[in-house]
Amino acid sequence: MTAATGPIEDDLPAVFSAVESEVRSYCRGWPTILATAKDSWVTDTEGRRYLDFFAGAGALNYGHNNDQLKSALLDYLSGDGIVHSLDIATTAKQNFLETFDRLILKPRGLDYKVQFPGPTGTNSVEAALKLARKVTSRESIISFTNAFHGMTLGSLSVTGNSMKRAGAGIPLVHATPMPYDNYFGGVTEDFHWFERVLDDSGSGLNRPAAVIVETVQGEGGLNVARLEWLQELANLCRKRDILLIVDDVQMGCGRTGEFFSFEAAGIVPDIVTLSKSISGYGLPMALTLFRPDLDVWAPGEHNGTFRGHNPAFVTATKALELYWEKPTFAAETAEKGLLLRAGLDEIAAAYDGVSARGRGMAQGLMFTDADLAADVCRSAFERGALMETSGPSDEVVKLLPPLTTSRSDLEAGLQILAESVAATV
Amino acid sequence: MTAATGPIEDDLPAVFSAVESEVRSYCRGWPTILATAKDSWVTDTEGRRYLDFFAGAGALNYGHNNDQLKSALLDYLSGDGIVHSLDIATTAKQNFLETFDRLILKPRGLDYKVQFPGPTGTNSVEAALKLARKVTSRESIISFTNAFHGMTLGSLSVTGNSMKRAGAGIPLVHATPMPYDNYFGGVTEDFHWFERVLDDSGSGLNRPAAVIVETVQGEGGLNVARLEWLQELANLCRKRDILLIVDDVQMGCGRTGEFFSFEAAGIVPDIVTLSKSISGYGLPMALTLFRPDLDVWAPGEHNGTFRGHNPAFVTATKALELYWEKPTFAAETAEKGLLLRAGLDEIAAAYDGVSARGRGMAQGLMFTDADLAADVCRSAFERGALMETSGPSDEVVKLLPPLTTSRSDLEAGLQILAESVAATV
Amino acid sequence: MTAATGPIEDDLPAVFSAVESEVRSYCRGWPTILATAKDSWVTDTEGRRYLDFFAGAGALNYGHNNDQLKSALLDYLSGDGIVHSLDIATTAKQNFLETFDRLILKPRGLDYKVQFPGPTGTNSVEAALKLARKVTSRESIISFTNAFHGMTLGSLSVTGNSMKRAGAGIPLVHATPMPYDNYFGGVTEDFHWFERVLDDSGSGLNRPAAVIVETVQGEGGLNVARLEWLQELANLCRKRDILLIVDDVQMGCGRTGEFFSFEAAGIVPDIVTLSKSISGYGLPMALTLFRPDLDVWAPGEHNGTFRGHNPAFVTATKALELYWEKPTFAAETAEKGLLLRAGLDEIAAAYDGVSARGRGMAQGLMFTDADLAADVCRSAFERGALMETSGPSDEVVKLLPPLTTSRSDLEAGLQILAESVAATV
Amino acid sequence: MTAATGPIEDDLPAVFSAVESEVRSYCRGWPTILATAKDSWVTDTEGRRYLDFFAGAGALNYGHNNDQLKSALLDYLSGDGIVHSLDIATTAKQNFLETFDRLILKPRGLDYKVQFPGPTGTNSVEAALKLARKVTSRESIISFTNAFHGMTLGSLSVTGNSMKRAGAGIPLVHATPMPYDNYFGGVTEDFHWFERVLDDSGSGLNRPAAVIVETVQGEGGLNVARLEWLQELANLCRKRDILLIVDDVQMGCGRTGEFFSFEAAGIVPDIVTLSKSISGYGLPMALTLFRPDLDVWAPGEHNGTFRGHNPAFVTATKALELYWEKPTFAAETAEKGLLLRAGLDEIAAAYDGVSARGRGMAQGLMFTDADLAADVCRSAFERGALMETSGPSDEVVKLLPPLTTSRSDLEAGLQILAESVAATV
């Protein structure tokens, strides 16, 4: 929901428009002041409750103020645990590293080193791109149409959205877009163009250091890459000695079912970026993972003041223990995803120009008439649910409910959506 | 302390070297595991206590786990206040905006809009550079020798350190370094070269969008710009229609006495970046401030998942109320700065090749024999104090104690430093 | 013939290898010293004669030392006509401008301004790119796979060959390659990918200032764009307000029949580059042509010492009068092209893995086994004919005989080629 | 004389403004049509004669249509010598290489390989920059304030003039300007800033591949580098392993007395560019010279259609034989330079705000009131002499008479200049 500028924001206290920059965006579409939250529900200062099918753009996979995570966090803070430590060793960091290794990496046979970049997705992407360039001594990166990787200069170069790119104020270079899966509606062979220009020494393409890809493009409109497309991409990269970076900032941490969104495809990326839900509690945190032989960083070569945000390590550790010790959570998420999708398919079936799309608990409704999507979200807000649009023309109603949302709340949200569509289309 | 790679890190549990990337740095010089902290003291898992003259590289100006901030934070979290909100309006955000406006902007006559970029210094710098370029339609930025502004691609372009620049893996362009104050030991007139190339249409300098400057270069070796140099720079920018960005990420929030480090010079930058100590509690948070007429952002044109980190808004608000409602805090900081400097001058006077430098509570000792600085820090660590090096050759022992450090603790730290120097030189 | 490094160059006097740089290339494949030339024949110092099917890579469309041009040149030089004049007005320049306007522009209804950049093709391309960027205030240029536009930095950015690109020593940016006609063997719709990324605001493609295209890619391997492809490209550019630059450096001046190679397609480019045969005598000269409304140059904004090379203006004027006053020459060229092609088709038909390609008097034989092409050229040289290879793998024997070559000489050349193929394949 | 746009151009036939682009410049200040020329004199179509103190911007060091060169040229052309040969070996090329080696390189102990890039100065500079980057694997180039190196993208990046730079339409990067000799009026130590940023690992300067310098900046306003400054620069480059490129396009071929302008300083550049007067007759030709160990070009890695312009080789060979077999010519040039300078000093002494500057036969008058310089040139034109302005504000009347100009013609020119100054100031 990048550019909604409704007059309804006038309902907010003046300080928001008087003091905060024009860059603010979500508050324009959802003109209320949030006060408290619990699990899948948020409450505003007027006591109105909203069912949250947005979840901090995927940063709240375990819901708001999850009681068990909250308890660990309060204990840690109350006990004067270290809050800020850059990359000094702390007990909280040790616990996280051990738990992440034990519950995530080892069981999946993933031999990754863990880097703590600055605590945001874009910082993780910047670290990934720098490392890929350093390792290969090449400068060019292949990105995909409608990709979103972040807003700092390196990440922005591999991001598709033209409005956001224009904000750079300088020509964005060193990146070349390739068609994402199904970009041509299945008409063209998958890597036709990409392989041709890689193999043709006269193509004019600078040889790339890496490919960066999302398995499902959330901001790009819930475009889902088929698993076989991802496999073919991984093969292509391996054969041609190009590093494969999977940006799992939004789709990782169980959003699509398994912890990493690429697991279903059976591929092993060279570099992985994680952020958003990794802390489990909405606290800033990010990781960059890579094969040990790629770990050519000099000490401090990429750093950042908040790379040791220990409260986030505490909740992250607890979240791993709670949800990833056993396979149940992934299975339940998959099931809920099917439930969600069935509901969407039902709505879509009732209208022309509406279709469902997504994977796992990242699902959405696409409207051929793009303007309808924003109208549906506005209607849903009035009915008590948070849902945002995505896609190049904001044509998709994107649903990212907390993975912990109950079945009944999922059904309640679907009901609101159905009513909103009915009231709009 | 960018590149210290001592064997003493071997004392740490294997998980740190086995799982964490080689990029880690502080843990190499301080090979211990921190567990808890209070005010100016940190305690490791063995119960050893360290006096913290490092303060999270300036992110802990009010000390560790400051009781009054902690209380506000625990209340907020316990009450299930909103944790994560992107740029949706929340009560925590409203309180922060109102308090920041009332206690910081208004009293200083600063008419700034407030942007919440991603919650890190580098993200604030990226936003500042993008905005400056968008406003002016020019692409080039003037930076200064030995500047440090961050590690994402835009910020790195205006950072001086060659090791960190090399990490980019692509040529860093669109920035031109100019000599920082006293770069030539006072021999050359201050803006001789800069003004000459600006005014000479044949100089080959692309006309700059903005100048970005730190009033005191922390990472660059505690280089202090004279106030008249800053004034002259501000005049130069105003006359030639170049935007002036003050990066106050490390020197803001009272580090040099007053809230903004540029206040003493009586200048008003066009854009200001803040982070590190703005949350007051070591929580990730950042602001970009700018004149209202520069607020040309489109909604969402620069965004980020963690730009609405409400726990940080809560502690930030509380910190402003506690320390910036009255002028006492700034005055005390100034005094403590003098105390600190007097101690350093005394040490320096006793040795050849050692000199004191700094402003306010950002002070340091420079060693002509650069290797000594790291030895002094190592010795101080063994004696129970955290102090780090900075400067292009790591030749400066940099002291950034919490501003709330008591006079006796400041003296204790100076005593440790004196002993460390004596044991080393 | 970019990389032939045969030992046979050892036959040349030592001065060539001792004093001239390793960058020399043609002399390696044709290890002889040329002394004199007339029309389609060159003679070496040993008196050996070679039939020239190379014609200075297309710079000698009217043959060597064409008697009528020679006469005009000698008269001019003998009479002490101005030789060098930058862009001062001269009689020679006036005559050229009037004649070019009268015989080339006016009859074709082309309302172009004429710029004299430096006297080389790459300089004309650099001028075209600069102008397109200045007019549109955009920086990105679309080029095509296997394009060749020159070796200076701007032209090299839009050139496909990876070996030549690597010579830049810096990342070449601001250009994006698109598939040339038939790049996928006719499987994919022509502008599928190009139109899709232009129209998709999330594609990540910077909006281009211009498209630069050759109607037939000479260096790229005699790839011929179909006329309908060129028309569709022109439509696409016009509809989306992108400038269309036709690089007619090699294919202009009658090589494909009509004066401009784009005439057959009935399109009118916004900018046209000309060089190579424009002087008619192998003398350095280049033009950049563009619509009057694009003529936003400031005086001297693009200049060059040799942009007023008057002997070239004299022979250029004479060549226009001799060959372009009447339609006969174009018609004859077309006919000779058919003759040439028929001969090639005949050879191709006799072998597997050999095929003919080209347009007008730019024709060639492609070998599936790329190495054969160089062998055929070597064999032809031994048999007394100059023919060079082109294409990304040097897999095409490229024939660019002077347009004035007699039918019997064309047949003689085809005979040599047939024998060379027979001896090689 | 970059931007003169006088109404007096209206005197020219309409074809020049109707058909030629607005980019034309010299014809605006000198609104006449030149027809013939001999030695230091040109004659227009009205029979008016002009004494040429401009000499094709330094491309006509031996005068117009020099009889001995002309004779060699006519013989060659009449005898059907090869005109165009790319880099195929020819007798004309062999003669040139042998003669250049015998008369120029060997006697000076210069062990250079010779590259024939495209036949223009900018192409020679592009080749030099590419080679320097390839050899060092670094991308950055140091240029100097008010440098002029050419108009193609690589050369333009190292050129100072802001109007010409703006013509690029993209940000020009990979080059950093440093102060040319005497840029601060002798106040600052010569390489203060340059050495400091090179040696400071925190300076933010990308480590340069090469320095490119003119010994006298012609277009930049006849700024003369002192020989000791050049020596210090050469030392600085050698000590820090940075390649030194001397751009001798305008000041080479005897303009300052000796063949290369750097000989007087006793330095040996790593790479040298030559063009303008190298052919001796105003014909397009250029050379790039470099140390044999830098000759890492792959065959054809930098090429160009007109790199084998044999008529230019013929006149170049003849010019070397005529003027450089014996030391007389250099000595006479030096003497004439003194004569010219004495005349200028005399004029300058008579006025406030007028001063003489230059070296050898590159001399000029600088006017504190910049507008006067163009007025003086206009007045000189009316009096029958061609003189142009240069410098960032066109504040210098630049005199580059043919080196073969007789003493009496030099005096005649000085007389015209004196009258023009008198009539103007």
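Letters are used for the chains, namely A, B, C and D, taken in the order the chains are written, and counting of residues starts over at 1 for each.
Keep in mind that, in the parts below, a contact is a pair of C-beta atoms (placed from the backbone, for glycine too) under 8 Å apart; a residue touches a chain by one contact, two chains touch by 3 or more.
Treat the numbers as computed from the prediction; the structure is a model and nothing was measured.
A.B. asks: Among the remaining chains, which ones contact both subunit A and subunit B?
C.D. replies: C, D
A.B. asks: Comparing B-C against A-C, which pair counts more contacting C-beta pairs?
C.D. replies: Result of the comparison of A-C and B-C: A-C.
A.B. asks: Farthest chain from subunit D, comparing Cα centres?
C.D. replies: The chain lying farthest from subunit D is A.
A.B. asks: Find the geometric centre of each of subunit B and subunit C from their Cα atoms only, then give the gap between the two centres in Å, rounded to an integer.
C.D. replies: One centre to the other, that is 58 Å.
A.B. asks: Once you find the CA centre of subunit C and the CA centre of subunit D, what distance in Å lies between them?
C.D. replies: That pair's centroid distance is 30 Å.
A.B. asks: Can you check how far apart subunit A and subunit C are, centre to centre, with Cα atoms defining each centre and the answer in Å?
C.D. replies: Going by mean C-alpha positions, subunit A sits 50 Å from subunit C.
A.B. asks: Subunit A: which residues touch two or more other chains?
C.D. replies: Only 139, 163, 170-171, 174 qualify.
A.B. asks: Using the touch rule from the top, collect the residues of subunit B that touch subunit A in their complex.
C.D. replies: Residues 1-5, 12-13, 15-16, 19-28, 30-38, 42, 45, 56-60, 64-65, 70, 73-74, 77-91, 94, 97-98, 100-101, 105, 113-116, 118-123, 126, 129-130, 132-134, 137, 139, 150-155, 157, 163-164, 166-171, 174, 209, 249, 275-276, 281-284, 288, 290, 295-306, 309, 311.
A.B. asks: Can you name the residues of subunit C that touch subunit A in the complex?
C.D. replies: 139-140, 143-147, 158-163, 165, 171-177, 179, 183-184, 187-189, 192-193, 196-197, 200-207, 220-221, 391-393
A.B. asks: Flag every residue of subunit A that touches subunit D in the complex, lowest number first.
C.D. replies: Residue positions touching the partner: 170-171.
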